[in-house]
Every structure is written in C-alpha cells, then in structure tokens.
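One structure is given below, encoded as structure tokens.
To keep things simple, chains are lettered A, B, C and D as they appear, and every chain counts its residues starting from 1.
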Amino acid sequence: MKGYFRSPLTYVWSLLSTITILSWWLGTRAGSHPSGLNAISAAAVVLIACVKSRLVIRNFMEVSRAPMWLRVTSDSWLALTFGMIASFYFLSR
Amino acid sequence: MNTTDQRICLWLVPGFGALLMLAFCIFPGFFPPLSPTLSAEEVATFYRNNVGPIRASMLICNVCGVAFIPFFMVIVVQMQRMANPSRAFAYSYLSAAASGATLFALADLAWLIAAFRPERDPQLTMLLNDLAWMAFVTPVGFILAQNLSLALGIYMDAQPRPVFPRWVGHFNIAAALLMTPGAFALMFMTGPLAWDGALAFWLRVGSYALYLAVMFFVVRAAIDRQAVEEGATA
Amino acid sequence: MTDTPAMAAPAIQAPDLTRTKNLDQWICWWSIPVFYNLFGIVFVYLARLMPPPSPGLTTDQIIHFIRSNATHLQIAIVTLSLSLGLASLSSGIIVVQMRRMKGAGPALAYAYLAALAVAALPGCLFCGLMFALAAFRPDRDPALVVLLYDMGLLSFVGSLGCFIVQYMVFAIAIFLDEREIFPKWLGYMSIWGVVTELLAIPIWIFRSGPYAWNGLISFYLGTIIFVVWEFCLVVSLYKAIKTQPSQEVLA
Amino acid sequence: MANTTNPGLRACTQGISIPGDTAHLPGDSSIWVFVIGEMVTFSCYFAAYLFDHRQLHDVFLQSQGYLSPNLGALNTLVLLTSSLFVALSVHATRAGDSGVAARFVGLGGACGAGFACIKGVEWHSELAKGFTLGTNKFFMHYYMLTGVHLFHVLLGLVFLGIMWRELSGPGSPRVRLVETGATYWHMVDFLWIIIFPLLYLLR
C-alpha cells in the first residue's frame, strides 16, 4: 500500500495542501481588514483557487491525458468561471 | 431474480423516516398539538412567532413526505407474489397509496403557505391552519383501504408458505382500526376526538409510526425469502 | 417475474403483432410533445405564469395582474383542465419501458407511476384551480386574491417531494438496468432533477433574489434543466421504442 | 453485466478526439456529461452569489465575518486528502491490486464522511448563533451552496460505497466503474475548492 504513495499524485497533493494553507493565511491573517480583504491578497486567493481546481482536474481526474475536447472544455470553463469571479469581485469593491 | 431494487426502496424507509421524525420533533405545534379552539389572533401569533421552525419542519416534510411511496410499491410487488385469485388487491393498494400521499402533500402546502406571509389577515391564516390540520389528520380512508386490501390479500394467499405470515394481516387490520378515530376530528373542537386529542392525533400518529417500523422488518423478511426461493428455482 | 401471466402462456398461437408494431406506445409517445407544447402555450403565453410574476408584488399589483389577465387565465386553465390528462399517457409509456429493464423490477416503475399521480394535483392542477378561482370573481376581497395567488404559485413551483421521488426512482432504475433501455447519462441527468427540486426549497422563504419563485436559480435554472431533461427523455424513449422488438412479451 | 460501456458512446467520444491522439477518457463517458453539466450549473450558483455580493456588499461583508474560515480550510484539506486516496485507488485497481484499492476507497470514504461531519458541526454552530436560511441573502447563499454541495458529497459516498463493493467482491473489478466513481468524487472536490474561497475568504 505504501508503494502507491510514491506517485506524482502525492506531490500534487502536498502542493495543493500547502497552497490551501497559504490562501487561508492570506484570507484570515495577512490581508484581512474589517473592511474586507486587500486587493493583492484577494487576487492571490482567486489565483490559488484557480490553480488548485486545475491541478485537481488535470492530475486527479486525469484530464491531462484525456481527449483534446475535454481539455479544451475544462480549461474554458475554468477561464470563464474564474474570470467571472475576479471581475465581479473586483468591480464590487 | 434480482431484488436489489426492492432493497433500495426498503432502505429509503429508515433514512427518510429519520428525517420525518426530526421534522415532527421541530414543529412547534405538535408538542402539544395546536388546539382547534384557538382564536384567529392566537393562531396568527403562533405563526408569526415560530416562522423559522415551522418552515424548517414543513420543508423537510415537503421533500420527504412522499418518499415512502417506493416502499409501498415494494409491498405491491410482494402482494403480486401472493396466490390470490387476481392482482386486484395489489393494484388497489397502489392506488390508495398514491391518493393518501397526495393529501399529505396538500396538508404540507397549507402549513407552508400559512408561514409564507405571517402578516396575512389572521382569519385567513386560521383558514390555512384548519386546512392543514384537517388534511393531515382526517383523511384516514386511504390508509384503511391500503391496510384492508393488504390484509385481505394475506388472508386469501393460498400458498403453503404465504408471502406474509397471517399475523401481518391481523396487524394491518388492528393498525387500520387504531387510525380510524382521526376522521372524527372533522366534528369536534375539544376532547379526545378533536385534532389535538389523544385518539385523533397521538394514537393515529403513533400507530402509523409503529406500523411503518413493523412493516419494514416484515417486508425485509419477505424480500429475503423471495431472493432465496427464486434464486433456488432459477 | 416467473408468475407473470403473459410469460406463462407464450406457446399458444401468439396474435400477430407485427402489423401494429408498438402502435400503442407510439400514440403515447406523440402525446408528450403535444402535451408539453400545450403546457408551454398555457403557462407562458396565455396565463403568463411562466416566468412567474414576482412574489414581491403589492396587493394592488397582484389584483391588477389577475384583473387585466382574467380572460387569458380562464382560457389557459380550460386548456389545462382539458389536456393535463395527457401527462398520464407519458407515464404509461415510461412505465412500460421501465418494466422492460433487467435488474430493476416493477417496484421502481410503480413508484414512478404513483409519484406522478401525486404530482399532477399539487404540482400542476392545483395552481390552475387557484388562478381559476381568482379570475372567476376578480372583485373578491383583496386579501383573498393574494391568498389564491400565493397558493397557486407556491404549489406550482414548490411541490418538491413528489418530483424528487419521480427523478430518484427513475435514476435508480436506469443505473440498475442491465439492458441499457435508457442511456446511463439520462440517469445522471435525473440526479440534476433532484437537485433542481432542492434548489426550490428557499422559494418558501424569500420574496426576491435568485432563490425566490421567479429567481434566476429556483425558476430559470430549474426550468432549463427540466426542459433539457424532458427533451432527452423524449429522444431516449423514441430510441427505446424504435429498437424494441414488436413480439417482445411485456407485463 | 460484463461490460457496461455503451459502444455507441465510445465510438462517439473516440470520434471527437483527434486522430493519432492516444488519449484516454477515464470512466464511463456518461459521467462526463454529468460532470460538465454540473460545472455549468455550479457556475450559475456562483454567478447568482457574486451578483448579490455586489448588490449587498456591506451585508455580505458583515455576515462573512460570522463564518469560520478555519473549519472551511480544514474541510478543504480533508476533501483533498480524500481525493488523493481515491486517485491512488484507481492506480491500484489498474495494477490489479483490488485489496489495496478497496482500502484506499475506504480511506477516501472515511475522509468524505469526516467532511460531512465537520460541515454538520459548522452548520450547528451557525444555527446556534441564530443564522438560518432565512436570516439574510448571504446566509441564503451560504446554506444553499454548502447544502447542495453536501448533497453531492453524500451522493459521492454512495458512489464510493458501490466502488468498494466492486473492489472487495469476488472476480476482477471493472476498472471503468472505479474510474467513473473517482471522476465524480474529484468533481465534488474541485467544486469545494471554489466554494471555500468564495464564501469564506473573499470578503
């Protein structure tokens, strides 16, 4: 069972966990004011979420080895969704 | 014969049953049941002060209230295995189960509509409240039809090893009789036959819960037997 | 299903069914597009209840909606009363196809039938009845008109359990079925159906926003998914009947 | 039920991929119809949330202060770990190591159940503070988004249960079935990855 952990997936998982903690730290400690998050931290939080989603889709869901149409679809969805999140969030500040 | 589908339907009962039990417990008007003698103003105040729990409880009922239908349909399938002259009782059971569930869905809607605009004219809130209680407590006819057709099917099941044991038939008739007093809540404002009374409310609700619990085990045993018998003959 | 009468006596002179190849099912199948087109005309064009008027309307606005719309509403509900029965025809054919499945017995098919029998009243006709009452005497006490308006639209958008059971048993049957009568993705789409019903829960609480009864999520998203699901169901039914041998013995 | 793959759908998806591309679509192609549809519908929920966030900025800012980002972050880590187990279980299944694969699925399921429990604790503490679905627009979105996601988690646990049964049963397990369940579970994971910053961090 242990042998399976010597897989690239474990590295992906540690990266994901690290940046999760980073975004938690940015969102609650470093960049947080009573009036909301400062712009740089907010941008970093959105970017981290985007990177994390793409890592899960590409590696865990194995989309990086999937047919082209699926890679294009998933990346377009990520671009649209995070574009929407970023634009709405920064426009409302 | 594959009985997976019947088992799935069967196990929906404890799941949704637990949710409905939760809904029953958080409804502020069941402990004790809201009295029919309250004035319109008192009823409206009750809805205004308890809007949150009423909505929570009745929304659970909305989502889960019809969810025993798959279980009743397992009973229909088991009734079709009985050695009866025809399948008439099974289909009667199906039809009664669907109609009974419709009335419960209507009662639930009335409670929720009353809670939707608590600022409504108290007379109208009382009308909705009456509608909900009446539709919840009094239409026992469909349950009677369900239980009696099941009981008759069991009595007429002419197999050496019937699908359900005889006592299940007696039990169904007993449960039907215990739920009968509910119908009289249409006539009484106070006393044991009013909708908040011991006979019309607690006996009816309690015996229905007990009925479902017992039938769960009875039906489970019947499915197990079916799997063994038809697996052996196939 | 060894005790099915139709399967017990197959040998004796089977009647020739090739001439009327699945004619009964085709008749039911055609009723579905007919019904949903009528349904669309009734609710979207005539009654103007889809998309629904806002739950946040004032009493005066509600009365104006009913009065200015009374004739349309009445024609709409007459049409609905006449045609709602067609919905039973579509249940009929789905039950037939569900009973052809292997690995999913009749319990799920009956549950589908019963759930839709329940849904027809609180989920559809009740709404029509309430608006018919409102349009019948538009000069009624305003508080009563508001009550009828609430009862109509809340029951129409907010009857959840019956449809949840319908989608749930349909999905379970498709996943258990070994014959692939319906494609597996239709089962997954039925799970969306369950989700859209859950998304309609807040309509009982909010009078504005995306989760009100005319909201972006509770109404529009739910309706889009329903229309897509219904369309896929009709196409899948077409394929299922098309590939069904006419001599196949059915219960 | 030896092979659940629909030949038509397989041909269809292979037809779309570029010739010479040795791509592999994990799982049943039906699950991808579902996943893509879910992605689109969740985008709609996000859009509705962001729209209201913009309209009612102050209410949202204040209400978000009552959430616990610590529990949200913990849940993210739990779900990521569970995804790792499920992904490793797919590897083990392909290697023919059903016993190990079943154990990985079990661990993944345990993490998933842990997620649901933590969510329960979090909801309980919000409800205890008096914040319900009807409190304001923010809590409406909060309970609906987390609730619909939780529904997907619970459904995912059913999927994992089916995978576990397949892997611990006799005979060689169907790799495609395990891949299908894993695909669904990862979708649940990445949707939470987006919900977490949206509700808890982006104030």
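The criterion applied here is as follows: a residue touches a chain if its C-beta (ideal position, glycine included) is under 8 Å from a C-beta of that chain, and two chains touch if they have at least 3 such contacts.
Fair warning: this is a prediction, and the values are worked out from it, not measured in the lab.
Most remote chain with respect to chain D, judged by CA-atom centres, is B.
Between A-D and B-D, more contacting C-beta pairs join the chains of A-D.
The mean-CA centres of chain A and chain D are about 15 angstrom from one another, to the nearest whole unit.
Averaging C-alpha coordinates per chain places the centre of chain B 35 Å away from that of chain D. Averaged C-alpha coordinates put the centre of chain C at 29 Å from the centre of chain D.
If each chain is reduced to the centroid of its CA atoms, chain B and chain C end up 24 Å from each other.
Residue positions 55 of chain B are each in touch with at least two other chains. Along chain A, no residue makes contact with two or more other chains. Of all residues in chain D, those touching 2 or more other chains are 47, 51, 134, listed in ascending order. Of all possible chain pairs, the ones that touch are A-D, B-C, B-D, C-D.
Chain contact summary for the complex, chain A toward chain D: residues 1, 4-5, 7, 9-10, 13, 16-17, 20-21, 23-24, 26-28, 32, 35-37, 42, 45-46, 48-49, 52-53, 56-57, 59-62, 65-70, 73-74, 77, 80-81, 84-85, 88-89, 91-92.
Residues 1, 4, 6, 9, 28-31, 33-34, 37-38, 41, 44-45, 47-48, 51-52, 133-134, 137, 140, 144, 147-148, 151, 155 of chain D are the ones that touch chain C when the two sit in their complex. Contact residues on chain C toward chain B in their complex (touch as defined above): 1-3, 102-108, 110-111, 113-115, 117-118, 121-122, 126, 143-144, 146-147, 150-151, 154-155, 158-162, 164-165, 168-169, 172-173, 176, 197-198, 201, 204-205. Chain D makes touch with chain A in their complex at residues 13, 16-18, 21, 23-26, 32, 36, 39-40, 43, 46-47, 50-51, 53-54, 57, 61, 69-70, 72-73, 76-77, 80-81, 83-84, 86-88, 90-92, 100, 103-104, 182-183, 186-187, 189-190, 193-194, 196-198, 200-203.
Against chain D, the residues of chain B that register as touching in their complex are 51-52, 55-56.
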